[in-house]
Amino acid sequence: MSALAVPTTTTEHTDRGPLDKHELAAVIARDIPAGAYVNLGIGQPTLVADHLPQGSGVVLHTENGMLNMGPAATGDDIDPDLTNAGKVPVTELPGAAYFHHADSFAMMRGGHLDVCVLGAYQVAASGDLANWHTGAPDAIPAVGGAMDLAIGAKDVLVMMTLFAKDGSSKLVPACTYPLTGVGCVSRVYTDFGVFAVGSSAEGDPGVVSVLETYGASVDELSARMDVELRPL
Amino acid sequence: MSALAVPTTTTEHTDRGPLDKHELAAVIARDIPAGAYVNLGIGQPTLVADHLPQGSGVVLHTENGMLNMGPAATGDDIDPDLTNAGKVPVTELPGAAYFHHADSFAMMRGGHLDVCVLGAYQVAASGDLANWHTGAPDAIPAVGGAMDLAIGAKDVLVMMTLFAKDGSSKLVPACTYPLTGVGCVSRVYTDFGVFAVGSSAEGDPGVVSVLETYGASVDELSARMDVELRPL
Amino acid sequence: MTTIHSDPLEAVAGIADGATVLVGGFGMAGMPVTLIDALIASGASDLTVVSNNAGNGDTGLAALLAAGRVRKVVCSFPRQADSYVFDGLYRSGDLELEVVPQGNLAERMRAAGAGIGAFFCPTGVGTPLAEGKETREIDGRTYVLEYPIKGDVALIGAEAGDAMGNLVYRKTARNFGPVMATAATTTIAEVRRVVAVGDLDPEAVVTPGIFVDRILDLSAAPADVADAESPTSQEVSA
Amino acid sequence: MTTIHSDPLEAVAGIADGATVLVGGFGMAGMPVTLIDALIASGASDLTVVSNNAGNGDTGLAALLAAGRVRKVVCSFPRQADSYVFDGLYRSGDLELEVVPQGNLAERMRAAGAGIGAFFCPTGVGTPLAEGKETREIDGRTYVLEYPIKGDVALIGAEAGDAMGNLVYRKTARNFGPVMATAATTTIAEVRRVVAVGDLDPEAVVTPGIFVDRILDLSAAPADVADAESPTSQEVSA
C-alpha cells in the first residue's frame, strides 16, 4: 500500500546536518509522492506544506472537514469559519470540498489518505507511536485526533528530533510513554537521519533500517541509541 | 415514542365496510399525525398520500434518498433521475433534500421516521411481520428494503386485506411465512378493521386490541380468526 | 416538524436537569454561542456535555462549566492554553471527564443517529483509551468495540435554515453539526439566517429537516440573551 | 490523483478476473450504463457483482450476466418483472446469490469505506437473512453482527465531475454512488459532464475527489463502446 520510494543504499550525509526543522520539512516534502492525499499534523508537520514543489498535485486534508486546504490565511483572508485542525485560519484552493466530522474521520480510518505526518514523543522500532500524553500523573489527558491520525493513512511519517533534551533517543526499543497507536509508523524523519520502522523496516522485527543520516554516521548514531540500527 | 392517537373505545362500523383499498388508505391517512415524517411502502401504501389533508405538513421519505417527495410525475415532469423506491417517477416539493443510500437507511434505522406503512402477507399478534417471502421453495429470495423498513419507524403500520383468498386470516397467532421483522408492527389496517398488535396492544401478550371494525362485529371477526381479539 | 424561534430562551426551553447535551463546534467555528448562553440562563444543571473541547477563556462552554451546571464532560481535547475553567474543576474533582479520540467521538454519535448498536473500530487499539474495552481480531486486524453516544439535546450552529428544518453550513464550521443533529432526541440549531422554503438547493442540503426540531434565527434574536423574554413552558423530551 | 477519460474501455482497463465490482444505480437512476458495457467489452470474468438489483431486460447488468462473466451477485432485490436473465442463471445453478437487506448493503459498504471492522445492526434480526450470524443484546435490543463489503472496483454514475475527482449527483440518482465510491480500491465514475476545477461549489461536493480514481466523460465518449479504441495496459490494483 505504501507509495513511498525506498532508497537502495543508506546515504550518510556528513556535509550537512543535523537538520533544522525547515530543512527536515524539506526532506519530508521531497519524499511525498506527487498527487498524494496528505494530512499534516498540528505543529512542525505543517511546515512540510511550504516545501512541496509547485505542481506536485499534493492535496491537503484537514480532519476538521476539508480537502484541498490552502496556506494559512492572513489579513483580510482570515475567516473564522475556515480553520485547520490546529484552529489556525487557512484558505481554500480551487477544487476544495467540505464534509462533516464523521465523514472526515471515516476518510482517514478507511485508509484513503496516502500520507500523514505527525510529531512524536517516542517511536518504537516496531512502529509503535507515543505522541499524546507524557504519562505525567497530574497531566490532564487530551487526545484530539492523534489516535485517529496514527492509524489514518497508508504511510504515517513521524517528524521529530532524534534526541530528547536529556540526550536520550526518542527512537526506542519500546515506548515508555502511553501509546497513541500500535505498529502504525512506517518512517521516522529526524534531524539526524531518516529511519524505516515497523513493517517498513527490512529484516528482523525490532531492527530499524537507516535510510539517511545527517551530520553523523550510522555508527555514531548507534552509539547513542538503544535500538539496533541497520544500514540498507 | 408512538405519536398515534389511541381511541378509548372500539367502534364497530356496521354501516360501512369492508373497505376498498382507497377507503382503507383514507383511514390510514386520517391517523397519521400532522407534521409526521412518513415512508409509504411500495404498492397499496402509496395510495395513502392521496388522502393526506392539505396542510397536514406530512413529509414523505423515500428510501432511495429523498425527503419531501411529491406526487407521481406525469408527462413532461417525468425525470429518470427522480423516482420513488418503487422506481416510479415522482416529483419534488419545495424544501426537499437528497441524500445517499447509507444516509437514507441510517435515517430509518436510527428511528427518525414517525410512521412507515407497509403491505404484508402475515402479521402476528406479537407484532411480527412477514412480507418479503412466501417461503415457496422455488421462489427467488428478494428482500429490498423490507427488513430495513420493518424496523425503521417509530410506528410501523401494516395495510392489507384481513383475509387471504382461501379465507384464512392474515392476522395470526404466529407467522408461518419467513419473518421480515420481529415485534415491529404497532398497528394493522385492514378492510375489516383496525388492530393494535405487539407492544401497542393492551393487556396480555398475544392478544390483539380491536380499535375499529368495518362491516363486521368483533364477534363475527373473532369467529373467523385464530388470534384472540379484545375490544378496548 | 421544525419550529423557528427568535427568542434564545424559548429555543432552549425544557432542557431537563441531568440531560446529555451535544454541543457542536470545533474551536469557535460552528460553536452555538447564543444557545449556550441561553442554556446557562435557563438554569439547567447536572448536565453531561459532549463536545470536542471543554471551553476556552470565560465564555461559552467555559461559562457553563464555571456556573457549576456540568457534571461530566465527554470530549477529545479538554486541555488547551486557556482552558483554565475546565482545568480547575477537573483538578478539584468537581467534574468527571471521558476522553474519546476525535474520530471515535464523531463515529459514536453517527452510530447513535444511525441505529447501530456498537461497532468494531481500529482507533485506539493498544492504548490506554481502549483499556477494559472488548477487542476482536477481524481479518488480521485488531478492533475495539465502541458504543453509541446519544444526546437528549444537540445544540449546533449552522449558516442557514428553512422552515422545513433543512440546514446548510459554511466551510469548516460544518464539523460536528450534521452528526450531532442525527444523534439527539431534540436538535436545536442557531442559524445566521432563515431562508424561505425552496431557497436551499435540495442537492446541497447537508442536514435534512427531519433531524432538526428548533431553529433559532440569529438575525431576529436580541443581541443579548438577558434582553430576551422568559421561556415558555415548551417541553423537551429526554 | 484522478484521471479523466473519453474512452470507456480505457476507463475500465485493468479490471481483473475474479474482481469484486460494486455497481451503482437504483433502477436506471445512477446506473453506469456505459461503464458496464465497457466492462463486458473488456472481457473480465468470474466477477462478484454488488448492486441493488441483478439486471433488467437484456442490457446493462443483465447483459454482463448473460455473457457469463459473473460468478456471484450480492444484492437486495434480484427478482423483478423482467429479471429473466438472472432468474435463468440462478435456477440453473450457474450463479451464486447473496441477498442483503438494502440498508445493510449500503451500511456494509459504508463500513468498508470507513474502516469499521464490523457493526451490530438491528435489521433482519430473527429473520432467515440473519440465520447463522452472531447476535448480541445491547441496551435491551437485539442486533446482528454485519461485516464490511469491500470492492476491488466501483462503477458509478454521477452528474458532473472535475479533474480533482470531485463529484455531484442529480436527485435520486445519487443513491449508492457516494457509498460505493468510498468502499472500493479503485472507483470509476461516468459523468454527464466534466467541469473546470473550481466550478463545483465546495459546500455541495457530494463525493470528494479522494475517492475517485477515474472519470469517464460521457460528453466526450463515443456513442457506442464498440467504436472505442482498444484498452491501454493501465492497471487496477485489486
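The chains carry the letters A, B, C and D, assigned in the order they are written, with residues numbered from 1 in each.
We adopt the following convention: a contact is a pair of C-beta atoms (placed from the backbone, for glycine too) under 8 Å apart; a residue touches a chain by one contact, two chains touch by 3 or more.
All of these numbers come straight from a predicted model, not from anything done at the bench.
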* Structure fact -> A correct list of chains touching both chain A and chain D reads C
* State the chain with the largest centre-to-centre distance from chain B, centres being mean CA positions. => A
* Structure fact -> Chain centres from averaged Cα atoms put chain B and chain D apart, in whole Å, by 31
* To do: Determine the centre-to-centre distance between chain B and chain C, using the mean Cα coordinates as centres, and give it in whole Å.
  => 34
* Residues within chain C bordering two or more other chains -> 107, 110, 114-116, 121-122, 169-171, 202-203, 206
* Asked: Mind pulling the chain A residues that touch 2 or more other chains?
  -> 92, 98-99, 106, 108-109, 151
* Name the graph shape formed by the protein chains and their touching pairs; answer line, ring, star, complete or other. => other
* Asked: Looking at the whole structure, which two-chain pairs count as touching?
  -> A-C, A-D, B-C, B-D, C-D
* Give every residue of chain C touching chain D within the complex, in rising order. => 107, 111, 114-122, 136, 138-139, 141, 143, 147, 168-171, 201-204, 206
* **Complex contacts: residues of chain B adjacent to chain D** => 62-66, 79-84, 87, 92, 98-102, 104-106, 108-109, 128, 133, 138-148, 151-152, 178-182
* Asked: How about chain B: which of its residues touch chain C in the complex?
  -> 34-35, 37, 57, 59, 61, 67-68, 92, 94-99, 106-113, 151
* **Touch list for chain C against partner chain A, complex** => 26-30, 76-80, 86-87, 90-91, 97, 99-107, 109-110, 121-129, 142, 169-179, 206
* To do: Mind listing the chain D positions that touch chain A in their complex?
  => 1, 110, 112-116, 162-164, 166, 182, 197-198, 200, 202-203, 205, 208-211
